[in-house]
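Below are two complexes that have subunit A in common, paired first with subunit B and then with subunit C.
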Partner chain A sequence: MTNNGNGKIKPKMTFWEKLYFPEIIHGMTITMKAMFRPKFTRQYPEERWNPPPVFRGRPVLVVEDETGVERCVACGLCARVCPSLAIQVQAAETELDKERYPELFEINMLRCIFCGFCEEVCPEEAIIMSKDFELTFSEPKDAIFGKDKLLIPRSQLEDRLEFLKQYR
Partner chain B sequence: MARLTIVDDPIGGKGKTVEVENGTTVIRAAAEVGVEIPHFCWHPGLSIAGNCRMCLVEIEKMPKLAIACSTQVADGMVVHVNSQKAVEARKAVLEFILINHPLDCPICDEAGECNLQDYTYSHGPGHSALEEAKNKKSKRVSLGPNVVYDAERCILCSRCIRFMDEIAKNPTLTFVERGDRVYIDTFPGKELDDPYSMNVIDICPVGALTNREYRFKARVWETSSTEGICVGCSRGCNTNIWVRNNEIVRLNPRLNPEVNNYWICDNGRLDSYKHVNSEQRLNSPMIRKDGVLQEVGWDEALAHAADALKPFSKDEVAIIGSAYASVEDNYILQKFARQVIGTPNLSFLSHAIDGDEDNFLIRADKTPNAYGAREVGVVSPKGIDVSRIFELIASGKIKALYVMDDDLAASKENEEALAKLDVLMVNHWMKTRTTDLADVIFPSATYAEKFGTYVNFAGRVQISRPAVSTLERERVPGRFRMSRLDNFGSTFDRWNKGPRRNVRSSWEIVSAIGNLLGGKMRYQSSEKVFEEVAQAIPAFKGLSYAKIGYRGAPLSKGPVGKKSKEEVAVK
Partner chain C sequence: MIAVVALIKIIVVVLVVLGAVAYLVLLERKISAYMQDRIGPNRVGPKGMFQPFADILKLVLKELIVPEQANGFVHALAPVISITVALSALAVIPFGNYIVIGGQKISLMIANVNIGVLYILAMSSLGVYGITLSGWSSNSKYSLLGGLRSSAQMISYELSLGLSIIGVLMIDGTLRLDRIVTAQGSGLWNIVYQPLGFLVFITAAFAETNRLPFDLPEAEPELVGGYHTEYSGMRWGLFFLSEYTSMIVSSALIVTLYFGGWSLPYVDYAAMFPNIAAIIEIVTFLAKTGIFIFIYMWVRWTLPRFRYDQLMNVGWKIMLPLAIVNLLGTGAVLLAVK
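Right, the complex of A and B next:
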């Protein structure tokens, strides 16, 4: 390669390259080889991907199947540790043994950077990273996920909980 | 006098020499040179119990470690606060305390301001040597209307018991049972309903005693704390105002040995800030057009007010100040009345409730600044008081009335009299019966939204600092105390969307009207107003915001203004 001085790069070719025709054959060979290799392209919308448990999708709140009560005690540590200040929690008192629950729990998914700190800091294993990565919104306010979108039954999150048990 | 040496360096060293009175305890002597010795049961405002053993220090020539809270100083004493022996002993004490202390900091309200948490962080081993399950005790015990007790968290320091015995002088609390089953309870048939009961929450070194109202409302690190003054009565207790999302979430007493020491009454703590957060707050100037109050801009409302006052002669106008408003507000108001209007009809209302007082903190006068309003001269030169003003209104001699920060329509007769006025102008922070009758309304800032000085019953001038931002006063560092979210959040955050109200300080409103009527009242800030007060009023001579500081300053003993005792309580 040589730089001719005005920003354009002019490749310096060998004799065989200058001959042009052998290079065409070389290129076509690569193409032919690739045609018979196994395909790893996914036909995405039709063909879904099930990520491995290590995958960090959007954070969700675990709800116990038997009782229908969320594990979260609204301690606010996830909101405190969140580097992008995406989480807002408002606690309130409940008659249950856990004494407090999140009256309001909101994650701004435009801010979330999927770092998983909230999962790591949670003393109750209540907020965990799910496999859900398909997040689309048409308006900023739609990106603020409240409890209606965050609460997920534990049975749907067994993979991640098992992963956390093993590796954390 | 005894001279002793406090060594806080872990490997010895020269230490700090301090000279104190004989009979002083080591912990106080160390505090004088800025060395904090960890402690739980010792509280500077209470008697010495010596039961937590956390303040163990090594004293040279003493055979064993001694507790700093009850050991008295001696001449030539050398105290090693952080020697290896002392630190290890405290570590062991902490481990004992933590044996049965639940690991529920994440759901505990005290987390973030907890002595046990702090000392565990600085001393603790970070793990427990015990494998046995922790003790189970009762949680969420209601000790009284405002205090909830968690027996598991309690470290049995007895501070609350001593407070009720010694300060509130109403022995209510006691230890029950023995050994690891011991807990705190009220005496049979008694309830923790003393007017000072909530101080036990502040002095509790852990989260065992919690505030029923503030419980779980906010985490400490989300809130900012601003030095304010309680406006519940004329004592003027020093407070910390805790704000989150531009709303006051709680009040705490702030140490001021001259006024309230470490304490505050429950009423002041719970009720003296409610009006700041109220739904009934006025949020825009209003003018009565065709019989209906309509929201208008500031300029229009001020011009309307000035025009409305012009047709009346000076005797037809009355001005009523307020003991709720600050010194600055009242000073500007009396200047407006004397220099711009020239009316003799100037007074303010007393809100004293006879008999509702005690010999500790609570005063009968339920306003923070009656002394100040009198001192700056919100007093008629002809001795006309509020009841006389109402008589003159009823007889039709007064046709226009300006009311600052007070509700006058408390009785039926007053309400009827106010309805007779040609023009009634009110500035107040809230919708009241007076504002319902008004022709012009200006929304004014509460004590928590402005810089203002208040003179308590004993003549002590104190500053209240703004804790809540308004539409005009942006929450920026340097002007406001900031919480973490204030510092790092953006304007797009929902937690920054707390209500910011369209209000101004009363002195700003009054001086703006005065300027429109040809007066010369231009000030940049309330500090500048106070500078003029200090020059014009002999009692305030030599005072400034800097001099008043965080602890307040007494009024000078010079010639004081005329005192009128004519104000009457409107029932």
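Right, the complex of A and C next:
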């Protein structure tokens, strides 16, 4: 590269490069080789991605497999910390040891920004981020996930729980 | 009788070429995908084989938008000019020698005129009218710039294109494309005698068909879509068709002028049954043309676009002198041989 004085940088080329055609053929061999490289495309609906545990998908509530009871004690910290005010919790009393449980737990998935603050603040490790990222709704009211969609058995969430144990 | 035969030939050629264009679009998308580590269209039909029909259906169903204050008539006329001119250049391409039906020899070219090369040059230069008119009539600065670039580019490359062909014409001593093919069939292909002329011709042909690296009329980063910015639906589709058709025409022309057309070295067609020979000839011709179409696409996905001033430099300062040198050299050698 040489500077020819008027601010433009002109690359210095050898005679072979100035002929241009040899370099075109060189470039064409590169693209020809590229045609036989393995492809990056993932055939989405058939081939699905299994995200690593660090991935923050939609937040879910952990249900213990043995008892079938959710871990949540309805303290409301997640609702309090949520920056986009997506979580709504209504507590009620229960005869179980934990004494309180969420009568109503709703996450508005249109508001959720997947920040993971709810998971971080939860004292019971009851709300955690899952691997589920395929969220589509045809109506805004479908986007409000109640307990029916949020309660996920613990056995399906081992990856993330393990990750939380290790790195937090 | 002659008229009926000619009409049948026209219909067959036009249908085959338009069908080929539809699949060339798919091929181009596949090639570009493979060169970029992708798979390309594979959802419509097995391996994406019905993608062209989906594309055409989409284009046909789309609304034709004419910009306000555009010249409506010229705006509608321009794509028609483009496609008509591109298709009519096919009239003089020899696809094979002849077939025998009912004891009659039918030559495998639509019109065997004795100024074939001249006719093709005329038709390919007319193609610029479609582009320039579309640019002018759209009432859009991008379209206008695209159209102007196209005409400037055409002027710069037409000269070298014509001059590089003259070398071939001097060797074979004819303007008839079928005689150029037969002359090559009995001897060596013209590429052996005219390597420099071939390089100039193929470069000019790239510029002539507005393909990368010379697709300045539609340079999408600068001109949105160039001359067809303001076109939609099937009118845009006609421009697309004509681009691919002229690609087929110029590939066929390269094959005819420099690579022996339908002839193969060491194959004596005269010794064969004429209709079998004709089939082999057509297949040979199509295969050779296909190779050059592939090279067109290959180059497109390899080279970046030329800048406008670089294009002019290449056209006037390099290609034209090279074409003249080639012409003088061929003349001198021919004179010395005689």
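The working rule: the second predicted complex is superposed on the first by the 137 of 168 C-alpha atoms of A that agree within 3 Å, B and C clash if a C-alpha of one lies under 4 Å from a C-alpha of the other, contacts with A are read in each partner's own complex, and residues count from 1 in each chain.
Here is the rule we use: contacts are C-beta pairs under 8 Å (C-beta built on N, C-alpha and C of every residue); 3 or more make two chains touch, one makes a residue touch a chain.
Quick caveat: nothing in here was measured; it's all calculated off a predicted structure.
Of the two partner chains placed by the overlay, only subunit B lies in contact with A:106; subunit C stays clear of it. When both complexes are overlaid on chain A, the residue A:11 reaches neither subunit B nor subunit C.
In the superposition on chain A, contact is made by A:41 with subunit C only, not with subunit B. With both structures placed on the common chain, the touch criterion links A:68 to neither subunit B nor subunit C. Once the two complexes are laid over each other on the shared chain, residue contacts for A:27 go to subunit C alone; subunit B is not touched. The partner that reaches more residues of subunit A, of the two candidates subunit B and subunit C, is B. Put simply, subunit A uses no single residue to touch subunit B in one complex and subunit C in the other. Remark: subunit C residues 31, 34-39, 199, 298-299, 301-303 touch subunit A in the complex. Those residues of subunit B whose C-beta lies close enough to touch subunit A in the complex are 106-107, 139-140, 215-217, 219, 221-222, 485, 488-489, 493-495.
Chain contact summary for the complex, subunit A toward subunit B: residues 73-77, 79-80, 85, 88, 91-93, 98-100, 106, 123-124, 144.
Partner subunit C is touched in their complex by these residues of subunit A: 21, 24, 27-28, 30-32, 34-35, 37-41, 43.
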